[in-house]
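Next up: some structures, all given as C-alpha cells.
In the two assemblies presented below, chain A is common to both, partnered first by chain B and then by chain C.
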Partner chain A sequence: MDEMTSVAAVPESPPEPPPHGPVLWLKNNLFSGALNTALTLFLTPVLLLSIRGVLGWAVDPLRKWPAVTTNARLLSVQAYPEAHFIRVWIAVGIVATLSGLSAAAWGLGGRMTVRRIAKGMKVAGAILLGVALITPGLFTDFGSFRLWLIVLGAGLLGGGLAWTAALGMRAKDVRIPTMSVIGLLLLALIGFLWIVQLPVSNVLVDGERIITYEPLANSTKLPWTMIIVILAAAYLIGTMIRSAVPNLQRILSMLWFLSFPFTLMIVMRAPDIEWDKVVAIDLPIFLLVGVVGSVAFYWMGNPSTGEAGRIVAALWVVGIVLWMWQSWRVDVPAALDFTVVLLFKAAVFLGALFATAAPSFGGPRAARLRYLGMWWSALFLLVVAFRLGEARSILELGGASFVGGLALTFTLAIAGIGLSFPLGILLALGRSSTMPIIRTISTGYIELVRSVPLITWLFVGSNLLPLFLPAEVELDQVVRAIAAIALFSAAYLAENVRGGLQSIPKGQYEAADAVGMSTVQKISLITMPQALRAVIPALVGQVIALFKDTSLVAIIGLFDLLYIARSVIPGQSANLGSIMVTTVTAAVVYWVFTFSFSRASMRLEKRLGLGER
Partner chain B sequence: MTTTIQRPKRPPVWRDITVLKWTAQIVFLFLVVGLFWVLGTEAVDNLRAQNIPLSTDFLSRPVGITLGEGFNTTPGSGIEAIAVGIVNMLRVTISGIIAATILGIIVGVSRLSSNWLVNKVATGYIEIIRNIPLLVQIVFWLVVVQTFEELTVEDRGEGLFYASPKGFAFAWFRPTETRWQWVAFVAIGLAVAWFVYRWRIKIQESGAHDAHAFAWSGGVLLAFAVVGLFAHPLMGVFGWIFGAIAWVFGNVPLFVFQLLLAGLALYIGWRVISTRLDELRTPAGLGKLSDDDWYRLIMAGVLGLAGAIFFLVSDGVVGNIMGRTPLFGARVGLEPLFSSFADRFSFSGGWPFDFSPALVAGDRFVNFDLAAGKVMTPAFFALWTGVTLYTAAFIGEAVRAGIMAVPRGQTEAGLAVGLKRGQLLRMIVLPQAFRIILPPIGNQYLNLAKNTSLGIAVAYSELVQVGQTIFNQTGQTIPVFIIWMLWFSFVSLSLSAVVNAWNRRLKLVER
Partner chain C sequence: MSEEIIQCRGVKKWFGDFQALKGIDLDVTKGEVVVIIGPSGSGKSTFIRCINRLEVHQEGQIVVDGIELTNDVRNIEAIRKDVGMVFQSFNLFPHLTVMDNIALAPVWVKKKPKQEAIAFGRSLLERVGIPEQAEKYPGQLSGGQQQRVAIARALAMEPKIMLFDEPTSALDPEMVKEVLDAMKELAKSGMTMLVVTHEMGFAREVADRVLFFDFGEIVEAGTPEHFFTNPQHDRTKLFLSQIL
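Let's look at the complex of A and B:
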C-alpha cells in the first residue's frame, strides 16, 4: 500500500526530447569515428569539384545547347506535318484530361504538413543558391541568370525558414492540400514558359552563327498553357462529379484503356470515312452478328441449357477457324468488297470468343443481360476500329509510317506491354498447368526467349519475320519491332505472373472447387486477381525495363528518341559536333520518366500495403 | 440390411476430364506444329524467290569481312569470324563480371554506411545509373572517348598512359612463354589454399579461438605465387598429362567413345526415372501415377534412349566432338584443345613475365601504329564501362537487400558472445547474406552476358555484330540466328547451372 502511494506521488512529466541540432547531426552522420571522418574529408572536395565540373561543362558557351532547343519538336514527334500539329495537342489534351479526372477520382494527394513543404522550399532554395555559387562562368555568359538564381534561391530558403519560424511547433500539425501546392507549381511552370529566354533558332549565315533567343518554346507556350489549364480544370470537375458518379474509377480505367488506340489513331491517321460504306457494310454486319450473338449467348448462359451451349460454342469456334484457314490464300471475288468478308470474319471470330465464355459467365437474367452489354460494346468497338483503320488517311507523315521521337518510344512501350500482358498470362498458366504437352511448350518458349538477348529478337523481327510471312503481307518496321518486343516481354512477364500464382494458398483453389466453379471462373475470378495483385511490384519493374529497352530499336534504325539524338541532330549542318549534348539530353529525358515511374510504383506499393502482410 | 456400394459411374466420353485434357493438348500440339510448318514453307518459298538457298557454306568459306578487333581481325572463314566474336563477347563478359562484382559490393556496402555523405553518393549512383537505358550509357561513353584530343607528334616518346579518340594505351606486363606454367602452379596453390581454409575452419569449430582461416589460406596462395616464379618448370608435367589426354582422344577407336557417350545418355535417363520414382514412393508402396507423372517418366526414358541411339549412329558428330573430323573446315574438338594445352607447357625456366618496363612507346601509339603496351579500343571501353557500371548498380542493390535481410537478432547474438565487429561481419552476417545475395547476382551476371550484345551499337565485334555483318554479306539470316540462339542458350544454361550448383551447396539444410 505504501509503495503504491509512493509510486503515485511521482509527478508526471513529459519525456525529455532527444538531443538534436545541426552540430550533433554532423557529429553523428559525418564524423563518427576516424574512418568516417576521413571519408567525409576526402569525399567533400571530390564531390564539390565534380559537381562544379559538370555544371561548368553544362553552361560552357562551347556547348551547343541550341541543337536541343531548336530540335525539341524533332525529339518529341520527329517530322510531324505542321498543318496537322493540332492532332498531337489533342492527344496530349486527352491524356491531361484523363490524368486530372483520375487524380480526383482516386483522391490522390491528400494533405501535406507545412513542415514538409517548408523543408522542400528550403532544400530547393539551398540547391539553387549552391548552383549559383559554384558554377563557373555563369555570371559572364548568361547575363543576369546567376542573379535570378540567387534571388529565387534566397527567396525560397528565406520563405521556408520564415514559415517554419512563424508557425513554430505547430508546423507539423498544420496541413495544406497537396493539390494546391501542385497548382502553385503549375502556375510557376506557366510563368516560366512565358518568361525564360532560351535559344530557339540557330542558323549559320555566311559562316557566322546567328542564335535567336525567345521565351522557351515560343511556338508551344500557348498549347502547353492550355494543357495545364485543362489538367487543372479536369481535376476540379473530377472533384465535383466524384460523389455523383459512383463508378467513376471503373469508367476512367476503361477510358484509359481505350485512350491509347484512340490517341494513336488521332495522331497517326486522318481517316477519310466513306459513309456509304458505313451504311451499306458496317451497319448490317453489326446488327446481324450482334442480334444472332445476343440470342445465342442469352440461350447459352441459361443454366438450364447445360451441355448444349458448350457444344454449340465449340462448333462455332471450329467453324470460324476452319473458314479462316481455308480462305487463307483464296482470292475474294472482285464483285464483293473484300472488306465485307474481312469484317464479317472478324465479327464472327469475336462472337466465337464470347461464345466460349458465355456458359461460364451466364446465370440469372441480370448476369446474362450484362454479358450481352459487353458483347454489344466489344462488337461496336471492333466495327469502329475496323472502319477507322480501313479508311484512307489524308494525313501524310512525311515518308515515315509512324511518328518518331519520344512519341515512338512511348508507342513501343505501351503497345509492347499491352500485347505482352495477355500472352504473358497465358504462358504463365500454361507453364503452371498439369497438362504436360502444354507445359512443355510454354516452358520451352519462356526459357528460349529469355536466354537470348532482346536485340537478336529485334533482328528476327526486322530481318527474319518478313521471310516467314506470305509475300503479299507487308508489315511495317515499327509493327515488327512491337511484335518482337511484345513476344520478348511476354516471357519475362509470364515468369513474374507464375511467381504470383505460386504464392496463392492451396485453400483458395479448393474453396473455388467447393463452390462449384469451373476452371475458367476459378482462374479469372479467384486465382489470377490475387496472383496479379501479389506481383504488382515485379510487373511495374517489368514495365520500366521495357520502357528502357525500347531504346534498342535505334540499332535497327527506327527513329526513336535515342536515334534522333544520336544520329539525326548531330548530322544537321548547323549542329555538327553536338552529339555530346544531344546524348546527354536523351539520357536526362529517359531518366526523368523512368525515375518518376519507379517513385510512383513505390508509392503504389505502399498504398496497396504490399509486402506488409 | 445390405448396403450396396455403388461404383462411381464413368462419365460419358465428352465429359471425361482425362480424354478432354489429352484431346485439347494434342489439338494444341497440332496447331503449334502446323504454325511452324506453314511458316517454314513460306520461308522456303520466299528464300527461293529471292534466290538465296539456305546453306551453311559460309561457315567454311571465306566471307571477306574485317573485324574491329579480336585475335584475328581478318578471319578466313565464317566459323573463324564467329569464333572471334565469341571470344570478344567472353572478354567483355568475364572482365565485366569481375569489375561489376567488386564495384557492386562497394556500392552496396556504401548504401548501408553510417556516413551520410557516402550513403547519399551511393544512392545517387544507383538512382542515376539504374534509370538510364544501358544503350544510352554505352553511346555516352563512346562519345566521351570521341571528345578526347588527338595526339600530336609531340606526344611521341615513352609514357605509362595515353588517351586519344582512338582509344587508350597503357603500360602492361609482357607475359613470356612460361606464363602458363606459372598459372598452373598458382592454380594448384589455389586448391591447396582451399584445403588449408577447410582445415583452419575445422580447428576453429572445435575450439573457441579464431583460427584466422582467411589469413592462412591467403598466405599459402601468396607463397605458391612467389615460389612459382622459380619452381614453375615443374609444371612441365602438365604438358605430358595433356599430351596423353589428347592422344587418347585422337587415337582410341571412335566406337569406344560412341559406346561411352551412349552409356552416359542411358544412365542419365535411368537416373531421372529412378529419382522420380523414389520421390513418388510412399511407405505404403508406389502411389497411383497421374498421367503427368507417366508423361515425365516416359519422356525421360525416350530422350535417354534417343540420345544413346544418336551417339551410336552418328559417328560424324562424335568425330567432331573428339576433333577427328573438322567442323565446317575448322579443326575444333577435344583433341586439338588438349594438344594446344599441352603445347603451353615445357620444362624450360625463366620469368613468367617480362619485368622490364613495357612502357607505351608514344611514336608507336594508336594514332600511328599499335602500341607496345595494352590498347583498349573506344568500342571495348564504351561497352565494358557501360555494362560494368550498369550491372554494378543492380548488384549493389542486391548486396544491400541481402545484408539487410539478415535478422537483427543475429548481429545482437554475435555481439552478446563477444565477437568483434570484423568477426561479426565475417562469421555471422556475410555468410547468411551471401545465401540471399547469390541468386539475384547470378541473374545479373546473366543479364550482363546478354547485354554485351549491345556492343553492336558501338561496332564492337562481338557475336551479334559479327553475325549481322555475316548475314549482310551472305543473306543467310536463319543459320546466323540459329548460331546466336545456340550460343546464348549455352551461356545461359551454363551460368545458371553454376549458380544453381553453388546455391544448392549454400542452401540451409532443413530437418
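Let's look at the complex of A and C:
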C-alpha cells in the first residue's frame, strides 16, 4: 500500500501544448494534402462569387426594398386598428416583463471570458469588412453605406485585436457577467432604432412618389425602446427579489402558462362585461360547483376513503360525458340562457377531471387543502375565461380575420403548440395503453389524422367544424384554424412521444411499481419526464415544422406573414415586381425564429443532459 | 399473530411452456435474513419478484404480512408499501437528483410532508455512507454509490421486508464491499431480508437460512454452517464445488 501511495504522490506535469496559430491552422485544415489544396483553391472563389452574387442582388437598384419598410406594419399585424395598438404593446410588454424576470430567476447567462467577447468582436468586424469589400457596384445608394460598414467593421476588428493584445494571456481568465454584455448590445439596439435610416416610399398629394429616409421603426421606436427598458428593468428586479422569493421559478412558470390566453384576450377582444349576468349566472354556478367539488374531493382525497372515492369519480366522469353527449344538439329551453347550460357543463366537466385525480393527489389534510386550492383557482379561471370569451367585444375590428401578418403566424404557432402538446401526450399514452377501447380510439385517431394532408384539415376546420358544434357557438376563423393545426399536430406529437415512452427501460417501471406508485404517479413523475427528454430533438423539429406550416392558412382566407409578403405587397401599385424582395424578407423572418428556436433547444438539451445516465 | 411475515404455499409460475417455479413452500419469520443461491435460470429472481408482484404467480398462495397477493389492486398497493426492493441494475430515476429519488415515493405514495421526507432521506444517506451526494444525479455516481442510493430509496418507504435481487452482480469487485456492508448493517438492525446473491461470504456471515434453488425448486435449505460444511444434496455439492 505504501508503495502505491508514494507513486501517486508525485504528480506528472502535463506536456507542453502543441504549437498553434493561424498559419498552422490553414496548413492543417485547408492545405493538408494535394486534394485538399486543390479543393480549397477551387471552392474558395466559388464561395466568394456566390456570396458576391447574393449581395449584388440585394443592393441592385432594381430591388424595391422600400416595399418592405413601407409595409412593415402590414407584415407585422396586418389590419389591426391603429387606435388599439396599445393592446399589442401591452401584450409584448407582458412577455418582455416575464422574459426579464425569468432570465433572472433561472440565472441565465452566467459569466463569459473577455477573450470570447474579443473574439466575437473580431469575427463580427471581419464579416462586416468582408461584406463591404466583396459587394459589387459603386452606386451612390450603397456608397455611404459601404463607408459605414468599413468604418464599423474596422473599428470592431481593431478593437478586438487591441483588446486581446492588451489583456495578453490574462484574457483567458478574466470573466464578466454575460448579462452586462447583452445589456450593452440592447443599448446599441436602441441607438440603432433611433439613428439608422431606411428608405421609405411616400405618396405625395399630387400622386408623385418619392423615397425618403426615415429611422428604423419610425412610428414604433419609442414603444420598442420602452419594451427594451422594461426587459432590462424586469431582469434587474428579478435579480433583486430572486433570493427573497423562494418559489420564483414555479410562480413564473405558472404566469407564463397564464400569459398566453391573457395576452391573446388583450389583443383579440375588449369584452363588454354584463355584470348582471356575472351576478345572476357566473357567481351561483361558481359557488355551487365549487362547494360540491370541495366536499367531494376532500372526501375522495382522504386515504381512508379508498376505492369508494374512485368509484364516485368514475360515475362523475361517465355522468357528465353522457349528459354532454345526449344534450349536445338538443334545444335548450328558451327560458334558460344557452350560456348557463354551457358554463355549468364545463364546470362539472372540470370537476370530473379533478375527481379522477383526487385520490392520487390527496393524502393528509394539508395535501387535500392544497388540492382544493388548485380546484378553486382552476374553476375561477374557467368561469372568468368563459365570461370574457362570451361577452360581446367592443373592439372595432375590420372584418372577421383582422389579425394577420407575423402576429397571426405567432398566434397560430403558439396556440397550436400549446394545445397539441397535452393532446399529443394523452394520445401517446392512449396508444400505449393496455385498455383496448382507449388504444383503438387513439390509434384510429392518429392514423386517420396523419393520413390526410394539413390543408384538408384546414378546410375541414373552416367549413365542416361549425356543423358539428351547437348552433349557438360561433367560432372565429382564426380559432378554427388553430383547432385544425392543433388536432393535426397532436397526432404527430403523439407518435414522437410514444417513441420516447418506448425508450424507457422496463426497470424504471419496475422501480416505480416497487415503491408502490399508482399508474398516474408512475407516468407523470417517472416515465413521461424521461420520455419527453429523450425526444426533445424530434419535438423541436415538430415545433419548427408547425411554425412554418402556419403559412398554409392562406388557403382558408387568413392573411399570414407569407401571404402578405407574396401577394398583398407585390400587388400594391407602388410595389409591383417586388415579389422577390418581400418573399426573401419573409424567409429571413422565418429563419431567424426557427434558428433561434433550434439553438435554444440545443442549450436546453445540454442543461437537461446532466440527468442522463 | 404469527411470527411468519411471509408465507408461501405451492407457488408455481410458468413463462409460456417453461415452468419457472415448481411449487415453492417457504415461511419467513420477522427479522430473518434468508439468502437464496443457485445457478442462473433456477427461478430464484422470479420467486422474489413474485413477493411484491412484479411477477404474477399462477398457482399457490403468497401471504405477506397477513395480506394475500391476489389480482386486487388494493392488496398489491398495500403490499408494495411494506416491501422494499433493490434491483441488480439499480433502476434509479436518472432525471431526478439522489434526494428526489429517495423522497419521491414517501411524498407521493405515503403522503409524507416534504420536509420530513427530506430529513429522513438525509438520515438514510448517512446510514448508507453517502450524505454528500444528495444533490447529484445518479449518472454522476459510481455503481456502488448508486446501489446504496437504491437501498436508501427502498428504506425511505419504511418497509417491513427488503428484497434484494442480485444487488452486487452489476458492480466492479471493488464496490461490492461497500454495498454488502450497507446490507450487513441493515440485517443487524433486524430487517426481514430476502437476498438473491452469488456472494457466498455474505451468505455465510449474515444469513439465518440459506436456500439453494435449482430448476424452480428449493433443493436444499439450512443454516449457513450446515449448508457450506455439510451439504446433503448432490446438486448442492456440485454447485458449491464449482464456486468455492
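What we mean here is this: the second predicted complex is superposed on the first by the 536 of 613 C-alpha atoms of A that agree within 3 Å, B and C clash if a C-alpha of one lies under 4 Å from a C-alpha of the other, contacts with A are read in each partner's own complex, and residues count from 1 in each chain.
Following the convention adopted for this analysis, a residue touches a chain if its C-beta (ideal position, glycine included) is under 8 Å from a C-beta of that chain, and two chains touch if they have at least 3 such contacts.
Being a predicted model, the structure only gives us computed values, none of them experimental.
Once the two structures are overlaid, the count of chain A residues touched is higher for B than for its counterpart among chain B and chain C.
In the superposition on chain A, A:363 makes contact with chain C only, not with chain B. Judged by the touch definition given at the top, the superposed model places A:548 against chain B, while chain C stays out of reach.
Contacts of A:246 after superposition: neither chain B nor chain C is touched.
With both structures placed on the common chain, the touch criterion links A:168 to neither chain B nor chain C. Shared-chain residue A:17: touches no atom of chain B or chain C. By the touch criterion defined above, A:525 lies against chain C but remains apart from chain B after alignment on the C-alpha atoms of chain A.
Taken together, the two structures place residues 307 of chain A in contact with chain B in one case and with chain C in the other. For chain C in complex with chain A, the touching residues are 52, 54, 74, 77, 80-81, 83-85, 87, 89, 91-96, 104-105, 108-109, 111, 113, 137-139, 153-154, 157.
Across the interface of their complex, chain C is touched by residues 303, 306-307, 362-364, 366-367, 505, 507-508, 510-518, 521, 525-526, 529-530, 533, 608, 610-613 of chain A. Partner chain A is touched in their complex by these residues of chain B: 14-15, 21, 24-26, 28-29, 32, 39-40, 42-43, 45-47, 49, 113-118, 121, 127-128, 130-137, 139-140, 143-144, 146-147, 290-292, 295-296, 299, 450-451, 453-454, 456-457, 464, 468, 471, 477-478, 481, 484-485, 488-489, 491-493. Residues 29-30, 32, 36, 39-40, 43-44, 47, 307, 434-438, 441, 448, 450-453, 455-456, 459-460, 463-464, 466-471, 548-549, 551-552, 554-555, 562, 566, 579-580, 583-584, 586-587, 590-591, 594-595, 598 of chain A are the ones touching chain B in the complex.
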